[in-house]
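Some structures are shown below for you to check.
Here come two complexes built around chain A, the first alongside chain B, the second alongside chain C.
Entry: the complex of A and B
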């Protein structure tokens, strides 16, 4: 069954992806350019009937790597779509615009790692406090706890 | 009509998860809603980057007190996916037993709270009484009522002995019968039918679009259950079925949870009886190579997803955690629209988040006149609606006078 899925995806996504590998029986990793990512994911979600699991943002020095985790439940597969958004222009097209399931996780990646999702309908903070200083991204590797002091907090924004 | 904003939440002194709902209402009807979370953000993902691979299970166990096995389970599966090792059969079956016990006690907790919300305090008391038996079994098997610390990458940390297995098999029967009685009582009650059917409908289309998980999805006819979709080797020999209901309302979600309790009881019995004699309980993972892995497991509320990336050191380079409520909460935008305020508390309860949302409700209109509805006022609204249905059906209200 897993070979079928690989063959199918290779054919359907031809020209849109950089490469596709299957390190283990139930896991597929696809690498795509950031520009092509929304197109590939919308295809997987709407046409290929994948379920949205979550997305991971990760600081890997050259840029922020975003991994969209999707799952095709009837075929027993987790399909991971990886894309690298290079520094210093951290911008990528939003998927949450069309698929509401992606909205929250895009907000999370935005505040934690500083990636801007173009076209996102609601880009407020999700998890961090409203008073947390702007321009500091806690999940980046160069972030230190001492980077944020009490004076940096903007309490007026949170209304306290 | 004038639109009013009703804030629900965010704090409740008794329950652990604060979240804030902003309801836009016209008269009694909710026309839109906005959810804010993040009041309790603890930075677990960042903390996890500074812990060794063996320390992380204890950390992720503390993400949620009720799902305290599902998170370590998903994490261990992710690490095992990264390493690519096989887990001994005995360890797998022990994992199944602990996870199903957790599902049972979580579902019974929900049934009790849902009963409390619609004014059926007997259901609340009974469900929690039977839940106590499960917690005692947990204590006997794992040494603790809630945080079990049973799992580690590669297997489990403690074995069951003969005495423990016999005790569990004996006590689990005690749960089955009263749970059956409770389920029949709930499913046959015309008042509960009237009160819960057709409330907060989440359509199948919306469940897929928001990628709802667990009983929330299965109540809407989406048969997603990770235990079935990506079974552990230990699950393959056990006989059970995925419970799916079509209607998508609060009643369906409750039915899914109640019927799942019996599947869990049956799974626990089967797993305990088929435990192989002796044998290893640990695959003994010594080194974590560079690489990445995904692990997912069906928690009581839906799929828990963990992703780990290793750079070959003794700590994760990145560890991503996604709890099921993260996907289930946004579905309110689809299921709460058009409902009354008395039902919103029930609908929010139907996905089984924590109940902090109902502590404080202030009705604010444009002239800045403020009226505060506290938890008990909200509860009263919900209970009154049940009483009205009882009156219409010609049923006598309960004899006891409920103190709210």
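Entry: the complex of A and C
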């Protein structure tokens, strides 16, 4: 059954993806260019009956790698769409514009790793304190605790 | 001031404040109110407003979001007041010390506002109920 999915996806997504591999029986990795990522995910979500689980971002030095985790429940499969947003221009088109479930996780990736999601309707902070200094991204590899001192906090913005 | 000190020796009313703690300490505080320890027999009681409190019980390493709130609650508490830095995190930030959102343990944050603040440290993760009672009693002795 999983081979059918692979074959099907290879045909449908031809030209939009860099490569597609199946490391285990129930898992498929798809690697895409950041520009093509919204298109591929919207196809998987709307046309291919995939459900959105979550998205994760990680600093891998060359850029921020964002992985969108989608699940196809009737086939018992997890499909991971990986995309690498290279430094220094961390920009990617927002998927939350069309699919609201992506909005919160995009906000989190934005504040923690500094990726700008173009077209996101509500790009406020989600988890970090409002007083946390702007332009510092705590989950990047080059971030140190000593980068943020008490003077950098702007307590005027903390809502009290 | 002597009247205040005399009044302070009896029936300590405590305001319990959690500043980004993990809730472990907050749950242990409830154990003090169970029949086994029953601190209300000493007149120690949790109150709903810092304006009624003699002591602040602060649990958790203070993060950036909680810091202005902790200071505001401290300002509202009538002086003299006792601050209890509760648990390992309250005493020293504990394992969260190098986290990006932590701005310091309770004493560091409060000394910015008031250098003479009276702080009792009760370490432990969470502290034993006996330790909590002893801590409060020691704090009263110090005042």
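In this section, the second predicted complex is superposed on the first by the 158 of 160 C-alpha atoms of A that agree within 3 Å, B and C clash if a C-alpha of one lies under 4 Å from a C-alpha of the other, contacts with A are read in each partner's own complex, and residues count from 1 in each chain.
As a convention for this text, contacts are C-beta pairs under 8 Å (C-beta built on N, C-alpha and C of every residue); 3 or more make two chains touch, one makes a residue touch a chain.
All values reported here derive from a predicted model rather than from experimental measurement.
Enquirer: Quick check on the superposed pair: does A:155 touch chain B, chain C, both, or neither? Answer first, second, both or neither.
Expert: Once the two structures are laid over each other on A, A:155 reaches chain C alone.
Enquirer: Contacts for A:104 in the overlay, against chain B (first) and chain C (second): which applies, first, second, both or neither?
Expert: A:104 contacts chain B only, not chain C.
Enquirer: In the superposed arrangement, which partner chain does A:39 touch: chain B (first), chain C (second), both, or neither?
Expert: After superposing on A, A:39 lies clear of both chain B and chain C.
Enquirer: I want to verify the contact counts: of chain B and chain C, which reaches more residues of chain A?
Expert: Per-residue touch count on chain A favours B.
Enquirer: Per the contact definition in the header, classify A:131: touching chain B only (first), chain C only (second), both, or neither.
Expert: second
Enquirer: Could you give the residue numbers on chain A that contact chain B in one complex and chain C in the other?
Expert: On chain A, the residues that contact chain B in one structure and chain C in the other are 128-129, 138.
Enquirer: Considering only the defined contacts, which chain B positions touch chain A in the complex?
Expert: Per the stated touch rule, the residues are 37-38, 41, 43, 45-46, 81, 84, 208-211, 224, 229-230, 291-294, 296, 303, 305, 307, 309, 317-318, 320, 322, 326-327, 329-330, 333.
Enquirer: Going by the contact rule set out above, which residues of chain C touch chain A in the complex?
Expert: 63-65, 67-69, 72, 98-101, 103-104
Enquirer: For a test of understanding, state which residues of chain A touch chain B in their complex under the given definition.
Expert: Contact set of chain A toward chain B: 23-24, 26-27, 29, 51-54, 56, 58, 67, 69, 71, 73-74, 76, 78, 80, 99-101, 103-105, 125-129, 138-139.
Enquirer: Okay, in this complex, where on chain A does chain C touch?
Expert: 128-132, 138, 143, 145, 148, 150, 153, 155, 158, 160
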